[in-house]
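The letters A, B, C, D and E name the chains in turn, as written, and every chain counts its residues from 1.
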Amino acid sequence: AGASSDSASESGYVTDGKLTIGTAEPAYYPWVIDDKPESGEGFESAVAYAVAGQLGFADSDVVWVRSTFDEAIAPGPKDFDFNLQQFSITDERKQAVDFSSPYYETTQTVITIASSPAAGATSIADLKKFSIGAQTGTTSLTAVEDVIKPDSQAQVFNSNDDAKLALQNGTVDAIVVDLPTAFYLTGAELDGGKIIGQLPQAEGTTGDQFGLVLAKDSPLTASVSEAVDALREDGTLDELATKWLGSEDTAPVLK
Amino acid sequence: MSTTGIDARPPSSIELDRRAFRRQQTTRSTLIAIVSTVVFAVAAWIFVINTPGWSRVQQTFLNWDVAVAAFPRVIEGFWLNVRVLIYSVIGVGIVSLVLATVRTLRGPIWFPLRALAAGYTDLFRGIPLIIVLYLVGYGIPGLGVFPRMPAEFWGTIALVTVYSAYVSEVFRAGIEAVHPSQRLAARSLGLSYSQSMRRVILPQAVRKVTPALMNDFVALQKDVGLISVLGAVDAVRAAQIETAAYFNFTPYVVAGLLFFLLALPMIRFTDWYTARVRRREQMGSIV
Amino acid sequence: MSLIEPGSGPGSGPGSGAATPDAAPVLRLVGIRKSFEGTEVLRGIDLTVHRHEIVALIGASGSGKSTLLRTANLLEQIDDGQIFLGDDDISDPRAKADRIRSRIGVVFQHFNLFPHLSVLDNVTLASRAVHRASRVEAERRGLELLDSIGLADKAREFPDRLSGGQQQRAAIVRSIATDPELLLLDEITSALDPELVGEVLDLVRELGRGGTTILMATHEMAFARDVAHRVVFLDKGVVAEAGPPAQLFEHSENPRTREFLARFTA
Amino acid sequence: MSTTGIDARPPSSIELDRRAFRRQQTTRSTLIAIVSTVVFAVAAWIFVINTPGWSRVQQTFLNWDVAVAAFPRVIEGFWLNVRVLIYSVIGVGIVSLVLATVRTLRGPIWFPLRALAAGYTDLFRGIPLIIVLYLVGYGIPGLGVFPRMPAEFWGTIALVTVYSAYVSEVFRAGIEAVHPSQRLAARSLGLSYSQSMRRVILPQAVRKVTPALMNDFVALQKDVGLISVLGAVDAVRAAQIETAAYFNFTPYVVAGLLFFLLALPMIRFTDWYTARVRRREQMGSIV
Amino acid sequence: MSLIEPGSGPGSGPGSGAATPDAAPVLRLVGIRKSFEGTEVLRGIDLTVHRHEIVALIGASGSGKSTLLRTANLLEQIDDGQIFLGDDDISDPRAKADRIRSRIGVVFQHFNLFPHLSVLDNVTLASRAVHRASRVEAERRGLELLDSIGLADKAREFPDRLSGGQQQRAAIVRSIATDPELLLLDEITSALDPELVGEVLDLVRELGRGGTTILMATHEMAFARDVAHRVVFLDKGVVAEAGPPAQLFEHSENPRTREFLARFTA
C-alpha cells in the first residue's frame, strides 16, 4: 500500500509520501527511549515503525510530530496521520477520533513510594482512605473513581509528571498509571517506588486496550487497523512487548 | 407628562408641541432599535445559526444534556473555588496590610525590612501566577518540612503570595494619592508621622484605592480557577474531567458561567463605585 | 456670628487694639533663605510678629509668601537664617518639629479639612491625639468653638456637606482649638466664591480682636488694610517694604509697592 | 556642600553648624541602616539559611547545574511566549478599539451592536482565562471548520478574546473620565458628537488610561504563560518538562526570572508614569 | 495689549457706545423654565440681548445664572419657554443643535482649553472642523487673534504652560475665532488669581468696544458696573430686576437687589 503515487488529498496523508506520526512531548520510557522516537527504541516507537513498514513506508519516510494527550484526542483536524501515547480505546473517545485496532492491552496499576502511608496497603479496601492521584482525562482516573472509589476526592493532574511530583512531595499517597508506566516509574524514576498492585477490571469490561489515534473518519483508519492486525497475528506485537515492556504479570491483582 | 416643577402650572402649547415631537422621536428611535435588532438577529440567524457549523457548535458547546450531567461535579468543584477564594481574600488582606505597613516604616533601622518588602512586591508583581503555583504547590511540599496539606492549601498560599504583592502596591499607591496638603495639615496640627499616617492618610488612602482593590478582587476570583493545575478538583478540573468523559465542551461553559455569575455582582458594583467616585471628583468642590 | 470669647486666644486682652512693637515677639525670622532647584525663592527675610499682632503678607504670585509661611511651620527646611518661636530657635535640627508645630495653627487655601472625619472630629483631632485630651473634654470645647462661629449644627456633618466658606471657618477653628501661640493663614479665601469671602474674613477679624497672633498671606487688599496692624510687602523673595497699612497703601514711596498695588485698583 | 542659590554667598556659621549636625545625623542613619541590615542578614543566616531545611530548599529551587541544563529549553519556550505576547498585543489593540468604538456609536440603529459589545465585555471580564483557553484551544478546533493550527495560535486567540474585553472597558472608563466640561466646550464650538469624540475626548481619554493600559499589559505578559495548558511548549511547559526530568524545581525559578525580567521595565515604567500623572494632578492647576 | 480690530466681531461699529434697545435682538429668551430633580431652577425668565450689547447677569450662588447660559447654548433642555437666536427658534427640537452652537461662543470658569492641543490648535479647531477652513487660513487668522492679545509667542505651547489668565484669554479668543453672533461668558474670572483678573476683564472690555454681543454671568460687580450696558439681577430663578448699571447699583428700589449688592461692599 505505497502512498507515493497518490496526491495528498486522495491519499489522506498529512504530507504526501511521508507518514506523519504523533507522540507525546516529552515521550517517556519505556514507550519511547530518551524522548527520541526517531530511534525506533521503545515500545511505541518500535510499533510505529512496524506499522509504517506494513503501510509500505521506509523508516526514512517517517516524520515525527508532538502533541499533548488532550490535544490529540480532542476533536478537530490533526497534523499527524496517527498518534500513539497510550490512548485507551473508549466509546466516548470514538465519538471524537478514530482508533485503530488495539496494539497493546494493559491494566491500571496503583503505585506509591516507600515513605508514603499507603506503602503498606494490600487491598482496594486499604486504599480507600488514602489520597489518590491520576492524570486528567485518562482511564487511570476512571479506574480510581470506579474501582477504588476513595473516601476523599481523587487528585487530578495535567500529566503523569505532575502526578509523580505530587507523589514524591507527599501531596498524594498513591497514583494510578498503566502497568508498563508503573514498572518504569517505580523502577527508574521514584526513590523507593513500590507497586501496590493491578486494579481488577470493572465488571463486563476488558482490560485497557491502547489504540492508534486517527482523525475522526480518517481514510487511513482501515489500512492502519489492517496493519496493526497483521502485526498482532504475526507475533510482532508480542515480541516488541516482551522486548521493551518485559513481563507484566509480576504485580498482584488487588481485591 | 406634567411639569416636574413644584408649582405644576400647565406647560405652554409650544412646549406641548415640542414634547409631542420628542415623544414621536423617541418612539421612532425605539422602533428603529427594534427593527435594527430584529434585522440583525435575522441576519445572524441566516448567516450563523442556520449554518450546519452552528449546530455543531451548539452540540459541542451548548449541549443541555451534558450540562445537566456535568453540573453536580462542576458545582462541587466550584464550591472548592469559593472556599479557596474566601481564605485567599483573608490571607491577602492580612499579608498585604503587613507589607504596606512595613513599607511606611521610617527610620534607618527598618531599612532591611523595607527593602525586603519592596523587593517582594516587585518580584511577585513580575512572575506569572502559574509559575508560583507550580513552585509552591509542588516544590514546597517536597521540602518535607511541612505536614501534608491538600493541593488547595498550597494553591491558596500561592494566590496569597502573588496577590499580596499587587494589593500592597495598590495600598502604597493609595497612600501617595492622598493630597500632600492633607499630610501637611495633619503635621501642622502637631500630629506625628505615624499619627498622621494612621488617623489621616490611611483612612483616605483606603477609600481612594477601593476601586483598584475591587478590580484585584475580581481578578483573584478568576485566578482561583488556576489551582486546578495542582491536582485540586475545582470547577475547572471538574469540567475538564467531564469534558474528557463526553468529548463535549459544555462542562467548561457551565464552569465559565458559574465564575461569571460569581464575578458579575462585583464587576457591576466596581463599575458603579468607580463611576460614583469619578462623578464626585468631577463635581470638583475644590476648597 | 457670635464673638469668639476673650480667653479663647492665648493672650486675653479683650479687644486689644494694634499691638505695640515692644510687645513680646512670638515669631522672629532672621535672614531666611530658601532655594528650590537652584532658584532662590527667599533671599534673606527678616520679619517679626509680636503678640496679639496681625501681620498681613502681600506680594505678587510667586513672590514667596507661601514658602515663607511653610518655613515658619517647619514644613520646609530653610537654607540659611534662623526662626524663633517665642525664645526657641525652631530652625535648629535638634528641635522637636512635632512639638513645635503643635504650638502653631495653620490654614491653607485648599484641602484643609480631613474629608473622612466629621467637622467635630476635625476640630478635636489635635486635642485628642497630640494633647491627649479626653474625648468628652475635647468635644465640649470643640462644640463651643463651632457654636461660636454658628456651625454647631454642622458638627456631625462631613466636610463635603459644608459650603466653602463654612469649611474654611471650620478649618480656622480647628487650627485654634489647641490654643496655638501663632496662627498662619495662607490665602484662605482665594478659592472661595466672592460671596463667601466675607464670612471667613469676619472670623479672622474676630480672632484678631480676641488677641490671637496672626501672620497671614492674602490677596485681599481691602482686608489687609482694614484689619492688619502691619503689612509686609514681599517682592521676589525679599521684604520690599513693611509698615502700618495706612503707610503702605496710601503713602508708599517704594515704586515696586505702588506698581503692585496699582493692579488692584482697576 | 555649598549653597544651592545662584548668588553663592557663604552660609552663616549657624547654618554651617546645622549642616554639620544634619550630616552627622545622616551618617548615623546610614550606620544604623548598615548595622541593622547586617544584624538582619546574620539573623536570617542563623535562623534560615543555616538550617538543614535551607540546603534542601537551595538544592531544590536554586540548583545551578539544573538551571544551566534547563536553560536552553526554557529560553526557547520563552521566545514562544514573547512571540505570542507580540501578536496578542496587536490583536488586543485592534479588537478592543473596535469594541470601544462600537460602544460609543449613538443612534437607535446601532442598538444591537452596542448591546452585543457591552455583553461581550461583561462576559469576558467575568470568565477565567483558563476556561476560555480550554474552550478555544480544544473546543474550536473540534468544530472542524478551521484548518489545523498550532496550540499557540489558539492560545493567542483566547488571550485576545479575554484581554480585549478588559481593555475596551478601560477605554470606556477613560472616555467617561474626561471632564464633562471638555465635551461641553467642544460642543459649544459647534463640533458634532463624533467630531468632539474624535478630536477632543478620545485623545484625552487615551492619555488618562495609559497607566491602566500598562497594567493590563503587564498582566498579559504574565498570562501568556498560561498557553502552556494547551500543550504549547512555552517557557512554563518547558520548565515543567525539565522539572519532571530532574525532580528539581529550579527550571520554574529560571522561567519565573525570565518573566520577571521581561515585566520589570514595564512595571517600573508604569509606576513612574502613574506617579508623574498623579504629581501633575496634585499640582492642580484648576483653570 | 493691542486692540481687537473692528470687524473681528460680528458687528463692526468701532467703539460703539451703549447699544440701544431698538437694535436687532440677537438672543431672546421667553418664559424659560427649567427644573432639576423636582426643583425649579429657572422659573420663567424673559431676557433679550441686542446686537453690540453687553449684558451682565448677576445673582447669588445657585440663583441659576449658569443654568440660564447653558440653556441658551442648548447644553440644557428647557422645560418650557422659547429661545430665539436672531429669528430662529432654537428651542425647537427640530433645530440643528450643532449648527446653532457654532453661532454662539462660550467660555466657562474652568477647563476651557483642550489640554492635548496647542494654543493655536485650540483656537483654530472650530474653524477647521466645523467651518471647513483650510489649515493655512485658519492659522493665519488664529495667529492674528493671538497676536492681538499678546499671546502670539505662546501659540505653539500647550495650555498647561500658560498662566490662568493667559488660558482664559486664549479661551475667549478661541470662542470668537469663528465670528459667533453671541458670546456667553460664565464667571470667567472666578478661578483666577486676583492679579490675573484684570487682564481678562480688559479683553472683554475690548471685545465690547469692538462690537461683540456678550451675555456674561459675573461676580465682579465693579466690572459689571463699568462695562455692561445692562445688568440683569437673577434671584431664585426669576429676573428680580434689570436695567442700566447706574440704576441697579445706585438707585435700585428692589430690596432683594440692595441686599445682594450690600454683601459686596463690606
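Keep this in mind: a residue touches a chain if its C-beta (ideal position, glycine included) is under 8 Å from a C-beta of that chain, and two chains touch if they have at least 3 such contacts.
No experiment lies behind these values; they were computed from the predicted model shown.
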item: Neighbouring chains shared between subunit A and subunit C, ordered by label; value: B, D
item: Best-connected chain pair, where connection means C-beta pairs in contact; value: B-D
item: Longest centre-to-centre distance from subunit C, chain (CA-based); value: A
item: Centroid-based (C-alpha) most distant chain relative to subunit E; value: A
item: For subunit C paired with subunit D, centre-to-centre distance based on mean C-alpha positions, whole Å; value: 46
item: Whole-Å gap separating subunit A and subunit D, where each centre is the average of the chain's CA atoms; value: 41
item: Shared interface positions of subunit E, touching two or more other chains; value: 110
item: Multi-chain contact residues (two or more partners), subunit A; value: 70, 74-75, 96, 158, 162, 165, 168
item: Contacts with 2+ other chains: residues of subunit D; value: 138-139, 142-144, 179, 229, 240, 243, 247, 286
item: Every chain pair in contact, whichever chains are involved; value: A-B, A-D, B-C, B-D, B-E, C-D, C-E, D-E
item: Residues of subunit B that touch subunit C when the two form their complex; value: 179, 181-182, 184-192, 195, 199-200, 203-204, 207, 285-287
item: Complex interface listing, subunit B residues touching subunit D; value: 28-33, 36-37, 40-41, 53, 56-57, 60-61, 107-113, 115, 122-123, 125-132, 134-135, 138-139, 142-145, 173, 176-177, 179-180, 218-219, 222-226, 228-229, 236, 239-240, 243, 247, 249, 252-253, 255-257, 259-264, 267, 274-275, 278, 282, 286
item: Residues of subunit E that touch subunit C when the two form their complex; value: 60-61, 190, 193-196, 198, 201, 219-220, 222, 263-264, 266
item: Subunit D contact footprint on subunit C (complex, rising order); value: 31, 33, 35, 37-40, 43, 79-82, 91-94, 110
item: Of subunit B, residues touching subunit A in the complex; value: 60, 137-142, 144, 148-151, 154, 228-233, 237, 240-241, 243-247
